[in-house]
Amino acid sequence: MIYVTRKAHFNASHRLHNPDKSDDWNLKTFGKCNNPNWHGHNYVIEVTVAGTPDPDTGYVIDLGLLKRIIKKHIIDPCDHKNLNLEVPYLKGVIPSTENLCKVFFEQMKSDVDEVASSNSKLYSVRLYETERNFAEYCPKS
Amino acid sequence: MIYVTRKAHFNASHRLHNPDKSDDWNLKTFGKCNNPNWHGHNYVIEVTVAGTPDPDTGYVIDLGLLKRIIKKHIIDPCDHKNLNLEVPYLKGVIPSTENLCKVFFEQMKSDVDEVASSNSKLYSVRLYETERNFAEYCPKS
Amino acid sequence: MIYVTRKAHFNASHRLHNPDKSDDWNLKTFGKCNNPNWHGHNYVIEVTVAGTPDPDTGYVIDLGLLKRIIKKHIIDPCDHKNLNLEVPYLKGVIPSTENLCKVFFEQMKSDVDEVASSNSKLYSVRLYETERNFAEYCPKS
Amino acid sequence: MIYVTRKAHFNASHRLHNPDKSDDWNLKTFGKCNNPNWHGHNYVIEVTVAGTPDPDTGYVIDLGLLKRIIKKHIIDPCDHKNLNLEVPYLKGVIPSTENLCKVFFEQMKSDVDEVASSNSKLYSVRLYETERNFAEYCPKS
Amino acid sequence: MIYVTRKAHFNASHRLHNPDKSDDWNLKTFGKCNNPNWHGHNYVIEVTVAGTPDPDTGYVIDLGLLKRIIKKHIIDPCDHKNLNLEVPYLKGVIPSTENLCKVFFEQMKSDVDEVASSNSKLYSVRLYETERNFAEYCPKS
Amino acid sequence: MIYVTRKAHFNASHRLHNPDKSDDWNLKTFGKCNNPNWHGHNYVIEVTVAGTPDPDTGYVIDLGLLKRIIKKHIIDPCDHKNLNLEVPYLKGVIPSTENLCKVFFEQMKSDVDEVASSNSKLYSVRLYETERNFAEYCPKS
């Protein structure tokens, strides 16, 4: 098994807030991350595809194609945007790092699997909210 | 001359917007950085003090004291905040990286100079908006 | 499965030395790492919790709580300390990176599992001794 | 299970080119990576050994020995070299990151397993072509 | 004075070789950097503009414009290229890091000065050949 | 003026302690950095030479020679050592980052100036004690 990873980044604002709960619950649970005036991050995303290299190219996936898929599904909708208000596929999702990397994985899944080498698939999405906090969604592990 | 630097970081939302200009001018000038729903960054700040080490301590400045000054003037007011709306000393300042590092310098100047070794002074403030974009204010250079 | 990681760091002195062996054996086996006058490192620790996000919070674990657990069990006892002489739970442990990350895992296990979301658990501890040398303890893998 | 990793780096030139295919196919498939005048990278390699620490040393593997094995098999033959023309064991291999990390693993396997602690083995080789693109070969996973 | 910096990167092959000297002199002087089969690097460039922010924008220079100038003069001609053979403005230049950053500065000078805020100018170009070796050209210092 | 920099690293133990002062003064002044059982760091040193490239080589200084000078004066005496007890030229020096970078500069000065290109000289030494704390000695500035 070979794992190939492509890294990208975007800047966005967000807040952690569960609209089904009271303001008190939200403030107590999320603290400064609940700030109604938003805060933001330089997000770094790492997208990993696992499989066997194509014998003609030596590629598990053409990283140029993977870069375009990340741009289409992640960078274009999220960069310099408000993750709570402006990203259609995040509607109703609390934008914790955990939830974001799962939704990002699902957004890219079919496009990645279609262009990856035969028997290669999207394997995981890792998202750094800061250099010190990150999450990874890896459904096969 | 010896230069001593302390690094810190905070996360904030902002937008580039000049309220004295039309919305069209702002959109054309600042592009996606003008998004009315905000975007955000993991800011990294480097604060440099220049001078001669105190012979008793070997310190140009006690970095523990410098850390506290950065916390008081930068981290506490700005972390997880909206730089346009929530930081009193940024009122009326377009929060470009250039402007921020100048204002941050002025905020910390007297506190730093007071605790630095004799003939040591605040020298510069560098601010990274992203890993790829940064500004430095260095009035003596 | 989602993996959430929090990074922290501390500075410490240590030496590699097995007191059950001769000085010759120690010097031959550990070389410069056996220096009786100690050497030291800026250690970086990454603590990973694996599980399912809580539907109310989107959290596998509240990273503020995880930060406090790392502070209590790792940073407070080890930072600016001598790992061979001053950390009670390292008594009798040769402080190789391998051994340290296993002991750190065991120290934090019950506290982490108690505050993590239901069906989330401490998964691994990675410790960087330098940027070029690191070890990871991951008992489930 | 404990995983121990050693990082190293080398600089080399290469091009992606499949000599069994036409020039057109190569240009279309590999784009600018097919440049007949070569391009190059600062490669970073991470070599991971998995096992149980030796009770006398606390080592899964002596990292000094691992460093020497990486030097012998990777750095000495590849550093400041042309990967397509000058590395005997890469003859006939399209030097994609995927292929390189698999061949590097196979080159080092027997030497690493011989000096690792009992029941410890070479586990994976990760190769960064750039900070944004990397591949990992991990046959056991 | 405020300094604003934009970072970019490109990958290229090169060799150090002075065609006016003998092969023996070249090999003795440049060692492995003289390899006739080339080697390569992931170059990182930092371009710094110094001046006063425009009061309407808060910008010393619009970093979007600076990014385009770097792309036009550095990334497009050099990325995935052979610096000795394929970059017209490097003809006759020994591509040491020192020489490269000076030539890059001169290439960009007039375009940068034209779009920078009034009384702002191109100040320096720093070029990393590897993470451990870099040069900076700063004619005003 | 062109500035060329070479980076290196070493690991050492130390404590901040002024033997001319009381234990109370030392503890109050240096806090946890005064620990009599030592602590330690992964130090990173950046050595900068300034001048004009030699027209035959394109070099301000041959970085291979600079690497050897750093090894002789800094890495060999300091790596895996106790900076207070084991480095002859640090005898009587309080090993603050400020003091260390000044002494390191003076140690290397004549050797660097001897091998640098004509009219090139040692310019500065920057020393990182941690990623967040660093000092730079630059006598000409």
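We just call them A, B, C, D, E and F in the order they show up, numbering each chain from 1.
FYI, a contact is a pair of C-beta atoms (placed from the backbone, for glycine too) under 8 Å apart; a residue touches a chain by one contact, two chains touch by 3 or more.
Computed from a predicted model, the values in this text were never measured in an experiment.
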- prompt: Where does the A-B interface recur among C-F, B-F or E-F, taking recurrence as more than half of the contact pairs being identical by residue number?
  reply: C-F
Task: Tell me whether chain E and chain F, two copies of the same sequence, contact each other through the same residue numbers or different ones, using over half shared as the line for same.
output: different
- prompt: Relative to chain B, which chain has the most distant C-alpha mean position?
  reply: D
Query: Counting in whole Å, what is the centre-to-centre distance of chain D and chain E, each centre being its mean C-alpha position?
result: 29
Query: Rounded to the nearest whole Å, what is the centre-to-centre distance of chain A and chain F, using the mean of the C-alpha atoms as each centre?
result: 42
- prompt: Using the touch rule from the top of the page, what residues of chain C touch 2 or more other chains?
  reply: 131
Query: Chain adjacency by touch: line, ring, star, complete or other shape?
result: other
Pairwise chain contacts, counting only pairs that touch as defined: A-B, A-C, A-D, B-E, B-F, C-D, C-F, D-E, E-F
Message: Going by the contact rule set out above, which residues of chain E touch chain B in the complex?
response: 1-8, 53, 56-60, 63-64
- request: Using the touch definition up top, name the residues of chain D that touch chain E in the complex.
  value: 9, 11-14, 32-33, 35, 37-42, 79-82, 85-86, 130-131
Query: For chain F, which residues count as touching chain B in their complex?
result: 16, 18, 20-21, 29-31, 93-99, 101-102, 131-139, 141
